[in-house]
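Structure provided below as structure tokens; questions to follow.
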Amino acid sequence: MTLLRALFMRLLTMAITLFGVAVVVFFLIRVVPGNPIAMMLPPGATEEDITRLQALYGFDKSLFQQFLIWGGDVLRGDFGTSISLRQPVSELVLGRLPATLELSLFALVIAILLGGLMAFLGTLYRHSMAEAAVDVTSGTALSVPDFLWALVLILLFGVLWPVFSISGRVSPSLDFDFATNFYIIEAALRLRFDVVGHLLGRSFMPALALAIPLAAIIAQLLKQSLKETMHLDYVTLARTKGYSETWVILSEALPNAVLPTLTLIGVQFTFLIGGTVIIERLFSYEGLGNMAIDAVINRDLPLIQGIVLLFAALFTVINLVVDMLCVILNPKLRHA
Amino acid sequence: MYEIRNLRLSFPDMAHKPLFGAPPQIEILKGLSFDIPKGVVLGIVGGSGSGKSTLGRAMLRLLEPSSGTIRFDGTDITHLSEPELRPLRRRFQMIFQDPMSSLNPRRQVHGLIAGPLRLHGMEDVTGRVSRALDMVGLPQNFATRYPHELSGGQRQRVGIARALALEPDFILADEIVSGLDVSSQAQVLNLLSQLVDELRMTLAFISHDLSVIRRLCTRVLVLHHGKIVEQAETAALFDAPAADYTRELLAAIPLPDPYQEWA
Amino acid sequence: MGARLWLSGTWLGLLALAALFAPWVAPHDPLAQDLFLGRLPPFWMDGAEPGYWLGTDSLGRDVLSRMIHGARIALMVALIAGTLTCLIGATLGVLAGFYRGWSDRIISRLVDIWMAFPPVLFAILLIAVLGPGLLSIILAIVIIDWTRFARVIRAETLSQGAMDYVASAQVAGRTRFSTMIAEILPNILPTVIALLTLEMGIAVIVEAILSFVNLSISTDSPTWGGMIAEGRTSVHQAWWVLVFPLFTLFLTVLSFSQLGEGLKDRFDPVLR
Amino acid sequence: MSGFLDIKGLTLRLRGGPTILRSVSLRVASGKVHGLVGESGAGKSTIGKAVLGTLPRAIEITGGEIWLDGVNLLALPPRERRRRIGATAALIPQDPLTALNPSKRIGPQITRRLIDILGWSKADANRRARDILDEVHIPDVARVMRSYPHELSGGMRQRVLIASAFAAEPKLIVADEPTTALDVTVQKQILRLINEMRARHGTALLFVTHDLGVVSKVCNSLSVLYAGKVVEEAQMHRFFTQPIHPYSRALLAATPTYLDPDGSLQPVPAEVIQEVETEVHQHAQRAGYDV
């Protein structure tokens, strides 16, 4: 009952949020002074072009009518046609989404492994130099955003000691036909682990740049909740039973300490995905974010709207999944 | 001083809220009626979940009752709005259980006691603060300390001084010694009983500990699951407890005496 | 503990001085091009030209002078955008957390909607709409980042509001508004200050990102982000054009966040 | 008579800080209950932690011996010591609300250590858990074994913890303020249960509490602590009839009882505190460590 109600409430707020995003993005682009058509067209377009386009996009109607028409189309799955690329927005956007998803998930995995390891070591060696080292490292990693880490990584591992690729998702020389846009997953399913390795290597730098701040957040929060949990009586009790410290941390403390971190990862993962916009640009990675910047530069209104809505939908879905995961993992909520 | 009739208070139970519509109500106080005459020190005793703290907060109108009436000195305060209550507030004061939480950590002792005085436009604030410190037996130089620089017993004295300085007609003390060691507990209890005698205060003293209640109170009210199971003069209650629950409560107290019939 | 406060404070102080007196401190005109002096290396390398301490870029502009003038824009954005964002976001956060009810519902819903935007894309979009320029950048940062303050301050206010000192202010007869100002505000101030300096660092980064995608002030004005974008393309020929502004940016952002943490510790009388 | 637990001259200090325990000695014989009494900060819980090897890392042991069942624990390597404690001793903790792992069912919380540490078979461990839960008067044992902690009341959880402590037939149990968080009526039931279980199993019990009333109901002997030092060690009846140390007398006078409404409470007088402080200080100087 609790789970169902929570799910229903979440879906409701999700719908409201997405509607809000749609309203904001729609009116933001139009309410501000300047003719949206003029914004879309390259300089030097004729008067005729403008009139034609205005009719085509319905800009001769009132704003409110335009919104209703657009909203109706969106609900039917029609996001319009990109002006600069002359293809349906939904096709373009969904074609790029897998690249961004794979990059983000790879980054998430790195962040969880790195952050989890740091939190574990910091807890195991608490009140020692090792914990201080974890604190300083995570404090620095957290203070500097992914954009700067990306540049530092480019400088270190792309230029000074060029061991990793810093440009593109696949090497032009890779001889492999992908049937889907989920390259890594597809290669893994087809058991071509050489290709998986190649792809992971290509996206390691951008993924690491995205992962560093999140790893730091995970390290700090998880270590803090682990240390708090280590003071609780049931952990003391486990120690008196003769278990080793590592076992006590991993088996007694971790399952309970992980919940606040999990909640946080939800929000932080959406920030990470938001970061792909600029990181993909830096590493010439052919994802959604890179396309988004091009869309803004080319004044491609329908494409911008489509991408923003897709990001928003992705974010709300991630939050929903994390919330449900928390409910499932927390026995108090599960059985209430 | 206080006349309380058929007091009820409920909270919404969000854990069992249906998908649509209002959540069910959990009734904490189930129709309480009692009086606190002027000059009485009333002990309110009960176990956890008895509703004793909720009752205290309702009496001070930090919570609004669901039904029933609370009259303070003849005025019906049951549903008064906050601005209407404000002029009355000087007259009923409260000492909180946890002084670490109830004393603003960013104020010095002087500010903590003086703030409410200024609020009610009382004259000679400095003199009143210094007299209040005297009354609770704190040295004057404590005025410039912050709460975290005091011991638990000292913090609780500041809480008492703050309530006393306003010269209220009524004070509610909510479990004010439960967090203290026996020696500071004894000091605070002695202080309180001495002040009660000197100032002829009306006091309600909430506690889970009957031994403490007996030490201080003239009347006792026993709460159990949101209902009054017994109210009586202190001596009468301890000599001949009428309600089963009171007897059970008394029999369960371990006295520091190896020869007590207990098991 | 004091070390990071002093280190970060010193760096930011130096930067502020350099920015304030940029025309007198900078050895060259940051915009002056001289194609004969293109890609000069920094002073310790072979082929360096005296007076061009950190070398020149491909157009022969002095890197050090451009960085000093870039600091003006960076710090201006940091101060103005940071302060405005803080004022608006923290006010909304306190209102939502203290009064709860409908104000909380509206503000929280708005925050939810804002959080569904990828911030960098939002910023780029806003600049595209508002047009480039210092004012647009500041406006964009305020519009996007008020939610950071609103979220954190709301949560902090909620937890402070549950403390008994708030109930005791009510018992003493304080009005709600005065309780918020006199009792709660001093207790959330350290958090506000830490967030404020953090936000200043973020503002510098946003400006750099926008310059990087060529949407910031104008191509003429020397900005750190613009220099980084330029240096990125010629990193194999002239690494110094990328490394110096990148290092400065890194240090500045780090300093802002460490300054905030340091101040928060210092101004917290309660030992946590 | 040698005690089952024998602490000799145990001295602890905060790393780089003040001394916490000053040469504490005490013994608990098999089947007997020894109380540790004192106000907060006196170091009574710390002794229990030292015995069970759960001292916070900030505290270091600077001297003394802890003999458990004829073995000096402090002379063992850490791994060996952990095993030894796990096999012979157990803890009944203070707060039943935080002493059970909220994410695990009750059954495994009792059986895991029997299987992991003591090498029992799963079936044996389960049978044992059911028996011992039955013994602490828990109704519907099968359901409780499947429950999560939050589904049980505070008193019920404390029963589970007692059962868990006795499950492996330890020879020593440290009870750290086991009833402080409970209502008096529940406290009475729990104390009776502890007495009953201890008598049946012949376990030695080290009982940490601040409540002299509780001590008088449970213990055979007690040590009174002040500032990390034992100021008085006594058999129970003697202590309550003729307390020797002024601090003990002051403590008794400060404890309110409902039988004695008019006898005013005596807070511990400043002279007594002063006296004890001096005594502690001299003792510290004799032993040659800083205060």
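Chains: A, B, C and D, in written order; residue numbering restarts at 1 for each.
Please note the rule applied: a residue touches a chain if its C-beta (ideal position, glycine included) is under 8 Å from a C-beta of that chain, and two chains touch if they have at least 3 such contacts.
Remember, it's a predicted structure, so these values are computed and weren't measured experimentally.
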Longest centre-to-centre distance from chain C, chain (CA-based): D
Higher-contact pair (C-beta pairs counted), A-D versus B-D: B-D
Chain A and chain D, separation of their C-alpha mean positions in angstrom: 51
Cα-centroid distance, chain C relative to chain D, in whole angstrom: 54
Separation of chain B from chain D, taking each centre as the mean of its C-alpha atoms, in whole Å: 33
Chain A-chain C separation of Cα centroids, rounded to whole Å: 23
Parts of chain B lying in touch with chain D, wherever the complex brings them together: 47-48, 181-187, 189-190, 208-215, 234-235, 238, 248-258, 260, 262-263
Interface residues, chain D side, partner chain B - complex: 39-40, 183-185, 187-188, 191-192, 195, 210-217, 236-237, 240, 250-259, 261, 264-268
Residue ranges of chain A in contact with chain D within the complex: 126-127, 232-234, 236-244, 252, 255-256, 329-332, 335
Chain A-facing residues of chain D, complex: 52-54, 57-58, 79, 82-83, 85-87, 89-91, 93-95, 98-104, 113, 116-117, 148, 150-151, 161, 164, 174
Touching residues (chain side chain C, partner chain B) in the complex: 163-165, 167-176, 182-183, 186-187, 269-271
